[in-house]
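Think of it as A, B, C and D in the order they're written, each chain with its own count starting at 1.
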Amino acid sequence: MTEKNYTLCASCPDRAGIIAAVSGFIAGHGGSICEASQHLDQVSGWFFMRYEIRADSMPLDLEAFREAFTPVADEFGMTWFATASERPKRVLILVSREDHCLADLLYRWRSGDLNFELAAVVSNHPDLESLAESHGIPFHHVPVRPDHRDEDFARISELYSHYRGECMVLARFMQILPPAMCAQYAGRIINIHHSFLPSFSGARPYQQAAERGVKIIGATCHYVTEELDSGPIIEQDVIRVHHGDTARSMAQQGRDVEKQVLSRGLRYHLEDRVLIHGNRTIVFA
Amino acid sequence: MTEKNYTLCASCPDRAGIIAAVSGFIAGHGGSICEASQHLDQVSGWFFMRYEIRADSMPLDLEAFREAFTPVADEFGMTWFATASERPKRVLILVSREDHCLADLLYRWRSGDLNFELAAVVSNHPDLESLAESHGIPFHHVPVRPDHRDEDFARISELYSHYRGECMVLARFMQILPPAMCAQYAGRIINIHHSFLPSFSGARPYQQAAERGVKIIGATCHYVTEELDSGPIIEQDVIRVHHGDTARSMAQQGRDVEKQVLSRGLRYHLEDRVLIHGNRTIVFA
Amino acid sequence: MTEKNYTLCASCPDRAGIIAAVSGFIAGHGGSICEASQHLDQVSGWFFMRYEIRADSMPLDLEAFREAFTPVADEFGMTWFATASERPKRVLILVSREDHCLADLLYRWRSGDLNFELAAVVSNHPDLESLAESHGIPFHHVPVRPDHRDEDFARISELYSHYRGECMVLARFMQILPPAMCAQYAGRIINIHHSFLPSFSGARPYQQAAERGVKIIGATCHYVTEELDSGPIIEQDVIRVHHGDTARSMAQQGRDVEKQVLSRGLRYHLEDRVLIHGNRTIVFA
Amino acid sequence: MTEKNYTLCASCPDRAGIIAAVSGFIAGHGGSICEASQHLDQVSGWFFMRYEIRADSMPLDLEAFREAFTPVADEFGMTWFATASERPKRVLILVSREDHCLADLLYRWRSGDLNFELAAVVSNHPDLESLAESHGIPFHHVPVRPDHRDEDFARISELYSHYRGECMVLARFMQILPPAMCAQYAGRIINIHHSFLPSFSGARPYQQAAERGVKIIGATCHYVTEELDSGPIIEQDVIRVHHGDTARSMAQQGRDVEKQVLSRGLRYHLEDRVLIHGNRTIVFA
């Protein structure tokens, strides 16, 4: 039984008194803080913070909390948001043919390990329909045709709107999203790339890794931006390989890392632990 | 050139308003916070915090800062301390015959990687005298005789007092300290144990590990308490071994882990990042 | 499409000429070796080896291969076996209520990531029946009653015999097997323990870890022997935790390590990469 | 006291009977094998092997061993060499201004952790002279002048010849070697690069890593080839960083990884555990 909390995330130019103002605001309403994290980026002079507050410790519903906080935020020129932990985000998962990431997310969704509402699975191939539907999740087959990409991605956007999606997860989708779509849903599209970025971006990273003869391979969970495999990194991890490994055996072992890194990165996003700053992330893990 | 900061560490029973009071106090004196960390232990209901504040942002020297903060601390029943980052702690290093941890600490001390004042090296064997003295560090040979332990450890305590020691590092000292000494310097004696505690406490951990056939070995940096190898853990790390490894090859590889874990744990302590709570530590790394 | 190979594993007291005799035997039949691994344990003076040979490179079926090799084995006093890679082992999985290891093994079985024949799932609780049956796997509920343990475990042994089991996997079974059963199936029962053994053997390891304040937790895959959590270790791995983690959050994160370690250990066993020597394993990974 | 062994390393196109021929040759001379490793690269069809044989188990000195083995090697078209473990390689270390790798290698050399003969330290800056000389090692200051690079590197080659160097270690040398020098000493020049290659090759890798916002950084030990930071990789390792890390704090933490990776890679090379195949390595660790 998770407690009902409000999560407040904010960033602004640094100056004296930010923590005092925010924590003073919370204390002024009797709020009980269960987690507080701050980070000052000394290079940019930007300040980031995240607070989890017990909802029932304050006589404010979320809307009232937001309204009451607005003057504080305005005073410091904050970019900010406040969410309620009991409301899971609605997620659309995009896949292609490989099922290991989808199967892992389905397990974590069903078991409650990750807290989200799984709206639908969309794929450019029909292969994973039965996997999705056996979990009672709508499956949409939207082929991505080289000569009708705009139309096809428009269809995916429609589905996202239709389901009132709040987050799109590319669980080995293997397609490059149109720039306009990346811009429209900036900070809400999460990809798992099967290499330790910036090494081996683009296609066939395990093949590249085998050819380069690296001794360690990895996976990267990042927000999708217009530039391929170059968005803000949320999480990475690696495993050791050796001379006996081929592109194929690396791919097999890599699947476990991909699943782990995607689920950890997605967890941070779902729990509002990630703040994006330029092309980097602050992750209050 | 590290900036001059004050570090404020405090813990107290949780209640609403702690962060607001502390950060309000700092803001009230115009203080600029560069790092702020908090932790609520939900099990014990205890709250922990650490702030780094730019010294020159406030019109208070350290003594005045302490005096001004005392009423806030008293209000919440805090256990607390405040230190100045520019004053390095005076450290006594105790060793036996193995030199890898001492050599590593000497390198980190000389290169400025770790910020401390190395007062003296004390050993129950004469072997490492030239290593210490080649770095210009006084070396004291204090044999620990089975039938004169009290007397010999009294001599070590005298040296610690003589040098006005603030921290004692057992860098593979291989001797069990008398309970009274553990109590007297509680929270100030740091040991490196060459196993992944609680596995293989006591003597010959690599031999134990080889016999048990583990696939991973490790090292543990912890505060020394009366009960052998059971004090609050500051830091641990591990490396993978395999069936080809013997107790001897584990010891060889383990030395690198020991050095790393000791230096990381010691760094946390020297930077006042560790709060002890019962037999556990909060490490604001 | 994996090639059809024979795997030959053998161990014997060391003496000159072992490799020459075995590889000479293989070469004498025109055999093409794809993998060759040897290990000399210098402490015990025992020699271990594993060869993978392309089946179609020799004019011998498995039975004929075994017969032809017997004189070589006898000459050196070898303990040995030879298997055919295309014949998957028949596995019985024992579970209790937690489903993460079972779900992971089901996924790896169905996707072909692990090569085995999943004969049945047996549990002392009915909870996971639908998970097993949705994959088309027979599920047997065998309550383990404190006052009828012998009878109940006899039922499990019967099921193992009925399905002609070759390997029993305790995927968080949470019950202690009777000594006679451990002895009867020595080297064929694989357990996943949710701690980094020998730390925290027995019950509630995450609770123990949280209380001890360790900075790293882990999981251990080992063969089951009469002595609880003390059998030969096949594989271990760890993850870093910190002061914010509770027994509950450690358990949540630990599940991922348990799944990984169990699947890696089981893979080594299924591929005949593990030789047991006393209470230790040689793993030709 | 390590035993005196011969190490035999060889590679050749795969065909049936290689192991039988080599181990048969060894057994024919009564040789006792303490380590045997083989690897078949299925992609290229190339076979690699390494044997350690107790020198005193055969009535052959190294020269006689080489002569006797030549016909076997010729039969299979092997590239091969045989060395005696008791003869340490003569090593020249090249450094610039940073001392952490040099200090680590000096410690490992002096303590016997790494078995090599340290011929001299060469640097394009005078800074580390006293460090080298305090260990009794000759130090040569050879400035690398932008407009006299050929001449200056010729001087370094002369020193290498003068000291009859067998291995050159670039311990943060920070200079690009001339192509001719890379070619002349191919497979004998070892570099430590302060990133997880192929990420962040070239200059200022920690700065690049901080800008890209990666969550893990690393170091790479590799043989130097004409193409910058692109030679065969011997060893890599990584550490986790987070949003609080700057290029400077990454550099500080990275030093520990650099030292470890360089010493491990160098150990493999000194113990003749590395075979180069195209742009990759087989490391019989």
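Operating definition for what follows: contacts are C-beta pairs under 8 Å (C-beta built on N, C-alpha and C of every residue); 3 or more make two chains touch, one makes a residue touch a chain.
Because the structure is a prediction, the values reported are computed rather than measured.
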| item | value |
| --- | --- |
| A-C or C-D, whichever has more C-beta pairs in contact | C-D |
| Furthest chain, CA centroid comparison against subunit A | D |
| Rounded Å distance between subunit A and subunit D, as computed from the means of their C-alpha atoms | 41 |
| Centre-of-Cα separation between subunit D and subunit C, whole angstrom | 37 |
| Residues of subunit C whose C-beta touches two or more other chains | 42 |
| Subunit C - residues contacting subunit B, complex | 39, 41-43, 196-200, 211-216, 218, 232-238, 242-244, 246, 279-283, 285 |
| Subunit A to subunit C touching residues, read off their complex | 99-100, 103, 107, 111, 113, 134, 252, 255-256, 260, 263 |
| Residue ranges of subunit D touching subunit C (in the complex, touch as defined) | 14, 16-17, 19-21, 23-24, 26-28, 30-38, 40, 42, 57 |
